């Protein structure tokens, strides 16, 4: 975690800050989602409380807080209460592993602008987010309600089915960058497009060096799979209102519900962050390298520390913008595509996305193999 | 070592969640409970006594097939990281053929499952 | 106490306690959840040993897949009903406990004896901290030395995938109940 | 020599210096826990979970040896063990479920009646 007390303290504070960033993003996203859906459906959305309805978030929080604490008689108390708490963990752990900005060099110290730099980034995130199935199952079974149980079974079957396509679609990316580490992936996507092919370097100046240009199919598959992973429309079969009331959180209300909400939005943020990292160059500003940005800021301020801090800040803002784009797509899709039927959902996961992801893997391997030789 | 950070944030989040639950309990409105309220929510219809839910066996079949395919995918990861290095070391063709055999087995399994209608939901 | 040893003791305690509760808790669903906890602990222990990739795989395969299957089956069929948790019989119980105890003793003894032979490599300082290099070598090793086992496992998984579908479809054996 | 060793054991060294021994003893304890589970539990699914526990205990010692002997072969073996364990769980659960569907029974003693 660090070598001395100062570094450890900073790292702990950083972790807490990343968590708080995730938590405070939730009300903003909820507001954006409600206003955005109002915009898409040609209605107003919440606009009464405060300017643009922004105070609605506060009002909602207070409302959530004053709701009666309630658990049904048939519930298994321990699981019923543990589930919302556990719902926070996968999203937080995953989000903390995503680099949010270029490393900050302050004197002798180097601080990564992320919760922790885990060597095997993707594997860790996949592992952690696969724990989300427990939350769903615990909530569904712990509620002692058959709709909740049915919703939980559906949700978990769906989550694990799409985990296959999710895991397989990134094999091509891992192959291309030759690493699991997210920071190294981002470093590989700096500047304008250039790559080695048939023994000589091919470079263009009009495209950024982003993963999406090398792996477009993987990008589509990955993004579609993350929708299913985070139980969002059009894949929110777990809570098809007509059949299952509200899925696994039928019996939840008040703050417990809010924790589930934070977990779900955390999932979305992890998904968007990974999309940005894999395919849109992470925190990189398009067409530039980290070094170029640093030199640019060094032209304004003398001290190397300040320039490094400004570089990190610029990159952090860039990452936030990319994150926001994907989060907006999440919201946009919700009001654009209709919900799938359950068999369609499973067919899409197993019979369409999985074979395409396989094809992508084979194709990537063949191309990388063919291109790396100068025949 | 990042592991300490992982454990720290896990504990922190768990404590945060528990505090939230406690806060909700503290500030929650008055308690009023009767038999109907405590019953499982079934859209207003009186709940059936036995929660004998007939669930499709498909769910666990899906879960089993998921495990098997998931492991095959996991096996591709170490190969994917070291593919370029293996090519640099001159065993690229060999690694590629080994993986293609493995993927062929994977594809055969997948299409077998699709053909045998194990993945049909209706 | 150094941070590393603190982490080890913490994780060992978590793993052991949840492992014990797998055996001692009477509700199978709690058992499965405890086992999941134990698997997460084991995965973290792998990370303390520098095997980051294996730790991740442990999370994905065990905690994320195998135990989800267990939990799912237990919830689907609600198997906790009318079933004595522990097997009966004082004598056989005594024999079992004695067996387990003896085995534990043997194992601990064997380890503490064998450790003296291994003190030399044990004191050697070990591999790089970064988990990435390790997993890279892992891939190379898997595809050179253990290639046969790797392909064989691929075929094993295929056979099981086919067999499981047959099993799930089977209407029962020759000994019908009615 | 012996006396030195005893003194060594009595100091807090055993707590502060975690080595191969610690991991092996932990692995042994977990293995024995799993074995106790296999012997005393009756629910066939819990039996399978105990077997998983035993396999994982072995995995710990594999990884520990892999680190302290500085060889990666142990980790490859862990990979294989995981695969086999998952496969075993898949088949075992499939059998248990098909028996449960037919006889409504998951008691391990009941399975004895299924022979021949």
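Letters A, B, C and D name the chains as they come in the text, with residue numbers starting at 1 for each one.
Just so we're on the same page, contacts are C-beta pairs under 8 Å (C-beta built on N, C-alpha and C of every residue); 3 or more make two chains touch, one makes a residue touch a chain.
Being a predicted model, the structure only gives us computed values, none of them experimental.
Chemist: If you average the Cα atoms per chain, which one ends up farthest from chain D?
Modeler: Most remote chain from chain D, centroid-wise, comes out as A.
Chemist: Which chain wins if you rank chains by how close their C-alpha centre is to the centre of all protein C-alpha atoms?
Modeler: Answer by centroid distance: B.
Chemist: Return the chain pair with more inter-chain C-beta contacts, choosing between A-B and A-C.
Modeler: Looking at contacts between chains, A-B has the larger number.
Chemist: Could you tell me the distance, in whole angstrom, between the mean C-alpha positions of chain A and chain B?
Modeler: Taking the average C-alpha coordinate of chain A and of chain B, the gap between them is 16 Å.
Chemist: Using CA atom averages as chain centres, what separation in Å is found between chain A and chain C?
Modeler: 29
Chemist: So, what's the distance in Å between the C-alpha centres of chain D and chain C?
Modeler: Result: the chain centres lie 5 Å from each other.
Chemist: Per the centroid of Cα atoms for each chain, what is the distance between chain A and chain D, given in Å?
Modeler: Computed from C-alpha means, the inter-chain centre distance equals 34 Å.
Chemist: Quick one: which residues in chain A touch 2 or more of the other chains?
Modeler: 1, 118-119, 123, 149, 153, 156-157, 160, 163, 167, 178-180
Chemist: Taking each residue of chain B in turn, which ones touch at least two of the other chains?
Modeler: If we look for residues of chain B contacting two or more partner chains, we find 1, 4, 6, 55, 57, 59-60, 63-64, 66-71, 74-75, 77, 80-83, 85, 99, 106, 113.
Chemist: Can you tell me which residues of chain D touch two or more of the remaining chains?
Modeler: 79, 82-83, 86-87, 89-90, 93-94, 97, 101
Chemist: Building nodes from the protein chains and edges from chain pairs that touch, which of line, ring, star, complete or other describes the result?
Modeler: Drawn as a graph, the chains match no named shape, so other.
Chemist: Which of the residues in chain A end up touching chain B in this complex?
Modeler: 1, 11-12, 15-16, 18-19, 64-70, 72-74, 81, 84-89, 92-93, 96, 115-119, 123, 143-147, 149-150, 153-154, 156-157, 160-161, 163-164, 167-168, 171-172, 174-175, 178-180, 245, 250-251, 254-256, 258-259, 342-343, 346-347, 350-351, 354-355, 358, 361-362, 365-366, 368-369, 372
Chemist: Looking at the complex, which residues from chain C come into contact with chain D?
Modeler: Interface residues on the chain C side: 1-2, 4-5, 8-9, 12, 15-16, 19-20, 22-23, 28, 31-32, 35, 38-39, 42, 45-46, 49-51, 53-54, 57-58, 61-62, 65-66, 69-70, 73-74, 77, 79, 83-87, 93, 96-97, 99-100, 103-104, 107-108, 111-112, 115, 118, 121-122, 124, 126-127, 134, 137-138, 141-142, 145-146, 149, 153, 156-157, 160, 163-164, 167-168, 170, 172-173, 175, 177.
Chemist: Chain B touches which residues of chain C in the complex?
Modeler: On the chain C side, the touching residues are 3-4, 7, 10, 44, 47-48, 53, 57, 60-61, 64-66, 68-69, 72-73, 76, 129, 132, 135-140, 142-144, 147, 150-151, 153-155, 157-158, 160-162, 164-165, 168.
Chemist: List the residues on chain B that touch chain C in their complex, please.
Modeler: 1, 3-4, 6-7, 55, 57, 59-61, 63-72, 74-75, 77-83, 85-86, 89, 91, 94-95, 98-99, 101-102, 105-106, 108-109, 112-113, 116, 118
Chemist: Quick check on the complex: what are the chain B residues that touch chain D?
Modeler: Residue positions touching the partner: 57, 60, 64, 67-68, 71, 75.
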